[in-house]
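Look at the two complexes coming up: chain A is in both, with chain B in one and chain C in the other.
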Partner chain A sequence: MRRRGLYRAVAFLAAAGLVAGACGGSDDSAPADTTEESSEEAEAPAEEPADEPADEPAEEPAVEAGDEAEGDVDTEIVEEETAIEYGGSVSVGLEAEATGLRPWEDTCSSPCYNMMVAVYDKLVEQTSSGAYSPNVAESISANEDFTVWTMTLRPGITFHNGVELTAQTIADMFPIQQAGAAGSGAVSAANLVSVEATGDLEVTYTLSQGGSAFPASLARAPLGMVFDPAAAAADSEGYSMAPIGTGPFVIDSRDLDNETTFVRNDNYWATDPDGNALPYLDSISFRPIPDEGTRLDALLSGTINAMQTLRQGTIRDARAARDDDGADITLWEFQGNNLGGGMFNVLVPPFDDVRVRRALVKMGSQEQTIEALGGTGISLPATQWFSPDSPWWSEKVAEAWPQFDFEGGVEILTEYINDPERSDGKAVGESIDVELSCPPDPTLIAAMQVSEQLYTASGLVNVTLTNFDQQTHIGIALGGENGFVGDHKMHCWRWGSDDDPAVSLNPALAPPTAEIAEAAGIPGVVSPLNFPNWFSPTAFQAAVAANQTDDFETRFGLYESIMLEFADQVPVYYSGHTATAIGTDTNVLGLNSWHLPSGELGIGFPAAEGRWAEVFIAS
Partner chain B sequence: MGKVIATRFARLVATLLAVTFLTFSMTALLPGDPVNAILGVDAVRDPEVVAKIRADLGLDDPFLVRYVNWLGDAATGDLGRSYITEQEVITTISQRLPVTAQLAFMAIIMALILAIPIGVLGAYKQGKWQDSTTSAGVQVALSIPNFIIGIFLIWLFSVRLGWLPASNWNRISTDGLVENLKTAILPASALAMTQMAIFSRLVRSDMIATLQENYILAARSKGLSDRFILLRHALRPSSLSLMTIIGINFGALLGGTVIIETLFAIPGVGFRLINAINQRDIIVIQGITVFIATAYVVINTIVDLLYAVVDPRIRKR
Partner chain C sequence: MAITNSSTTPEFPRDRLSNVSSAVAGPTDIAPKRTTFRKILRSMPLRVKLSSLWLVLIVFGAIYAKLDVAWFGGSLPLQDPNIQTNGFIRETGQFGTGQPIEGMSTSHWLGTDAIARDTFARIVHGGWVSLVVVVVSACCGIMIGGFLGSLVGFVRGRVETFVMATVDVILAFPALVLLLAMVSIFEVRNLFVISAVIGVLSIPAYTRVARANSLAISSREFVTAARAIGTKPSRILFREIIPNVLPTLLAYTMVAAAFVVVVEGSLSFLGLSVQLPTPTWGNMINQARRDIKINVAQVMWPSLALTLTVLSLNQVGDFFQQRREIRGSNL
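Showing the complex of A and B:
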């Protein structure tokens, strides 16, 4: 058996059947940048991972603007040059089964989105440059203060059941979205108060607060995916098993936990830029295969001909199979604005003192953590919520983020420990207590142990490691029973997405409690999604301001200022950007060259979420 | 016999009460809120929606009230409805049970086909090289966890040889028996290896004892062939312990194939259970646990009753 097999065995034993999720956080993210600036993929010198053991800290080089990690080979989004072919089937291995296929109701993550985008179309999609562009919508525009958005739909689009899509359809979707488990949160986040049909194909959205990033909401499942409201109202449960959309594929069969098959929608409205009918494939099926190793083996053995992964270790193994063993597979890799790491609960001593947070970040080595996570040569160290090839990435922030400096961290922590007024109430000179918690994924445990070794080596920190399954882990941070402030200390988490920053970042900046909101003079503005419970009036105001203008330079400056505050106050810490991939047989093409109706290239396959309409099998 | 059945039934009820109460207690003690799993992190920002869902699901009721309500429904065959998929638990189980049962059945049959000859050979050739060799092989099979065997089987038969699919399940109803067996053979084999090791050790030790019996010596003195004696006179009385362990292990396999089903992505009861645990879908966890406990106790009761069929001496007692 190859070494990979042994790793799998050990990993499987350690995980004991648990679905080892990434380190918490929501995967509910339809990715991509939001601006009209092009993202540049610069090739830069590779960074050497630190070889030093954890107890011999080394200087860690800063990431330069435009850097890519060694081996970070994000697949380019380009026009496919191979001649398209019709027919054939693709079988995709997903990391989990979709809990349901109702955009307004079911909490979705990357595996589920792969299925949903086959059957549903979004009103708005993202281009390869990250801009939001109309899809099912033909146009969308806002009034001056971004409180009223007018959208015109494309004519002649019908659902799989033959029902015509009109403006009234979108209006009728709204009450269902308001009542839906997934939709209600999206409605609330977008400050959406009404959706009206103001013409046969014209829809007017009214927001309670101006939102320049509102189109981002129409590019996400709960508000952006078009469903038949009459059918949904008639049989919501049935809709989950037999979804009806306007998308390129029609549901054929759904065998929960085993296989869901979609067949070509012969009446699909969209064409490729040459006017060829879509989709190219006859059918596509999705199979949940939770074990990462089995999913890769299924691809290598031909059991399936495509698979997704959100794990660096699997990308590493797939690369090895391709490069060392000669496997005929293509890896469609993507490293966007999603990163791992964690947070400090700043309401809990000693993390309420910024010196402790700074010290712990300086004493932790991202390079060694990434190595423990299996991401060396795959994932970049992070300094902010944006990857170096994102238009939102800031060199200033990269320089400001506290780099690995063990002695510097010890010095800061010593100052705290010797402070008679130290916040944790311990005696002067006593070590601080740090409880570090992650889900029980073997690689995360290895990464925790890196931090533990470093902190313990300082002689100033008593470290306790805890592991709870992913739901419990999230629940601990979310709280709920204690006013959503959570019961966490130092907690693994996942940050960011390729959505507009207003989607991923703004909710994390609002006051975490009613008391804090009251004190800040903004009563009633409370977000349970501020997991670190860190509140800065300036960062919050910057986030609000960024949602009230569509000028990129202004917005960039505002988000840069927020990230600079993060670098100074360190409510969160990072363990590298998240690499994701879709692996396919080499003759499966087109994942990186799907188009919007405008002819622009789409965002690609962020978070291993493929668009399958323009995928074809080359003979 | 009636008294035996009544006793067994009382034991079944007591066991199920204990299992359901413990499971309910343990899931209630877990930190976190099932509503978070239903809504997802992004959607919990609306307290009204959270409150409505909690009220709809009765999550605000005291623990004992929830337990008694659930128990009352369960007694009428209503195991509730999944918080996440909204599917009825009884439907969830009935859809997945045939898959798990087929795997368990195949594993037991494959194990017996290998275990009986190995056990008989070991007993017949006790102390000789055949016995040492088979014992060593059995020891190895017993020592290796079945998921390691599963990973090896995938690597060998799927990745290297390309003979069999690495994952998922072809249903007999839609894909036919041959295609079904292609997806069943590897996971069943992985499960069978450990069973085979247990069964063969049991057959060997029981048969060694049986071969010392006077009636075996009498049969030998009559000049009957060794094969006839082993299969006709020795194997049947040596199979009582085997039957017990088959019953216990079949029950365990019905609920205990979680790892193999997850590894091979088999849509069985265990796969659903692990998903429910990860999704904090308490109603499904509870329903499947009760099902597993029931299956376990019922199967063992049946095995106990079968003793009387196999061994007339027990029937007379």
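Showing the complex of A and C:
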């Protein structure tokens, strides 16, 4: 029972990250850096061949690895040249209220992270090149097999309540993280066994199996954000309302569903590269404004001077307001590895037959789906879990991914339908039943109706469209009541994140049930995060191997082989990459030019999660 | 013709029963005067006439759309509400040339929605859902609620206390919340389920209206007279009470229908009414709101249809209620 509870926690954490965030994901992209202090630049995958290509016909790819594709207008990460100014306040409109402000407990998506990074610092952060670099940590290194990681903290850092940050603080955080709803999942996913203070500022992490991407876990909230364990243990509930971190801002007031205000931390440890104290702003406040249109209007009318969005339609409207109506706003856009689409439950007929999955993917039009989502000219069609500007993106996979081929799909489906041994038990020649389900968002509703019409046009598919609220939608796929097999059939979902692939991809490849694990000869290795319930021994082994080396080329080849298998077996399908943006008044600057202690530029604002310490208001 | 009656009541010639009612109530009421359609029409203010015209158009359009799909295979001159005009055309192997969120044109009178479907066709088809829900809820309300209210208003006692307490509890609960709870029980939400749920929830309101009228009518002289001559209670209920409650219920139906249309629209807006891609005014508004900054008309058209329908139902309902009150005051 405890194991099941743990699975549920892990699954829900990840599910919420994948879906509830609706484009969420955190902020990392590229291989984990396992060197001390500084990080290696993430390199483009080059021309390293991987496994044999899938047998799908290829079209000329629209983009090359590392390129920005048309529509992807990521704001450049550069040094801000305008002279910094102290003072002022930024009011940020968020798409939702934070579920809570406890990193170990509250499952967060983009709005929540925006608030958390104001008050908490991460042990490790990501640079503009995508590599991981120490932040509150001064250095981090691993033993040869990546099972023991040693981290040294920076000296002289104190919490907002004056308590000093030491190695023992990190060790004391561990039991709280293990018990927390968000933390327990992260601990499990990272295979983290123990955290010990092996010096005043030296912390030793021990993993149950090698994890070359472990620093990526320290760049995420549950394990990476530093909190005061004594205060957390004393009053966990109160901590959500009055969080204590080491971050650039201190909580001032929190009025749930209305406004949360943070004021400048005068004792903040970090400085900008010129040695100026941070943060620049006097205060920052966050206001949940769930309606996309209202939030944009609030920015345009000056009610707020910043907002975040993960919706293509809002980005389209904001671009129009800026370009056509002359609105004085800046759009800080980012389109990363997170992508929309869905999955087939491969344990449920007829989706257990790869012919059906291939046919449905071929009969679906990515282009039309993206148009229905309002993402034409904004969102890139996806072929894999990585965007073309990611070092993990593979041209070979892009070529292998099934392209729109309606008649080809009909042909494959006809073969299945006329197979006397067809898996759904229907009579030969009878149409298949497809239940396509998405949350009741207008954009998703439009997109699913596009698929419905295409499938129906084949005359071979009876389509039922269903909508359930997001929580129910996740629960259906999670399927805790039926051994995590789920009750879903064809299910809208989000894939990928800007984390290291080991964080986002590996848990989705482990056996979905104990029976499958046993049959595969790896009893006990079961992942409730394998939502499509698709298990391939070769993909699983590749994922495990990729987590046990830090050689990028090797890892790239392994992840490419997994993506090629996805393209061949299609347990999942894709629409477009998730475009995100933070909109601000034009005098709000610095979102694209924050720094790590090493002086390197940080990753910017992936998934519309800003770092607010180096933001300033130009007069 | 002999009537089998209880042993304590004397037999009374059955053919004289209606004369009792008429004699006691006077010549002006109960047996209503024949009112011709022309007379009603003439007595209508202009706004009620216009409202009636709108309702007739909506009903006609909805039936026409349904017939087009069900009987004529889409051959009548009305576009398919679910055809995406920019969608894949299998015969040509090409995508259509239609545009999403298009403005008004000769080919699309009210433009197209986010996936290039004809908005006019969707509004006309959307009327069918509203029509069915209204008719079913009215039938449930009148047949079950009306009967129940008439019965308890007539028999009184513990039955009345129990029934009305139940009705009060249901009515005290926020209607939309109750509706959401009931709708969420069903995995498949088709027109039958939605109509049935709304119909069931209409019963308490009709019960209360019927009971109030039944109470008043039960104390009328003609009912007393019927009792005095030993008429069976069931006969009094069906021959004297219910026929007099019914006109009030029918007048109330128009007002209740307006509420039902709004309720169905709310459910659709929340994605909890009939399943996609069936068009309803509510789901049209919901789907178009994303693009409101680009083309407000796509939200406006279904909203206008909904608003005008509700307004019209209220106007017509008020008119008939007033007529009923005037006639009731003559009693």
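Convention: the second predicted complex is superposed on the first by the 548 of 619 C-alpha atoms of A that agree within 3 Å, B and C clash if a C-alpha of one lies under 4 Å from a C-alpha of the other, contacts with A are read in each partner's own complex, and residues count from 1 in each chain.
By our rule, contacts are C-beta pairs under 8 Å (C-beta built on N, C-alpha and C of every residue); 3 or more make two chains touch, one makes a residue touch a chain.
Source: prediction; values computed, not measured.
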| item | value |
| --- | --- |
| Of chain B and chain C, the chain that contacts the larger number of chain A residues | B |
| Touching partner for A:Ala502 - first (chain B), second (chain C), both, neither | neither |
| Chain B versus chain C as contact partner of A:Ala182, first or second or both or neither | first |
| Which superposed partner A:Gly293 touches (first chain B, second chain C, both, neither) | both |
| Touching partner for A:Phe406 - first (chain B), second (chain C), both, neither | second |
| First (chain B), second (chain C), both or neither touched by A:Leu153 | neither |
| First (chain B), second (chain C), both or neither touched by A:Ile476 | first |
| Chain B versus chain C as contact partner of A:Glu259, first or second or both or neither | first |
| Residues of chain A contacting chain B in one complex and chain C in the other | 293 |
| Touching residues on chain A, where the partner in the complex is chain C | 292-293, 296, 313, 317, 320, 365, 368, 371-372, 374, 406-407, 440, 442-443, 445-446, 448-450, 452-454, 457-458, 464-467 |
| In the complex with chain A, residue positions of chain C that touch it | 82-84, 86-88, 90, 93, 95, 100, 114-115, 187, 270-271, 275-277, 283, 286-294 |
| Chain B contact footprint on chain A (complex, rising order) | 1-2, 5, 8-9, 12-13, 16-19, 21, 25-26, 28, 93, 96-97, 99-100, 107-108, 181-182, 184-186, 188-189, 236-237, 240, 255-259, 287-291, 293-295, 297-298, 300-304, 468-472, 474-476, 478, 480-481, 484, 487, 507, 527-529 |
| Chain A-touching residues of chain B, taken from the complex the two chains share | 30-33, 35-46, 49-50, 53, 84-87, 95-96, 145, 147-148, 151-152, 154-155, 158-159, 162, 165-169, 171, 258-259, 262-265, 267, 271-272, 274-275, 277-280 |
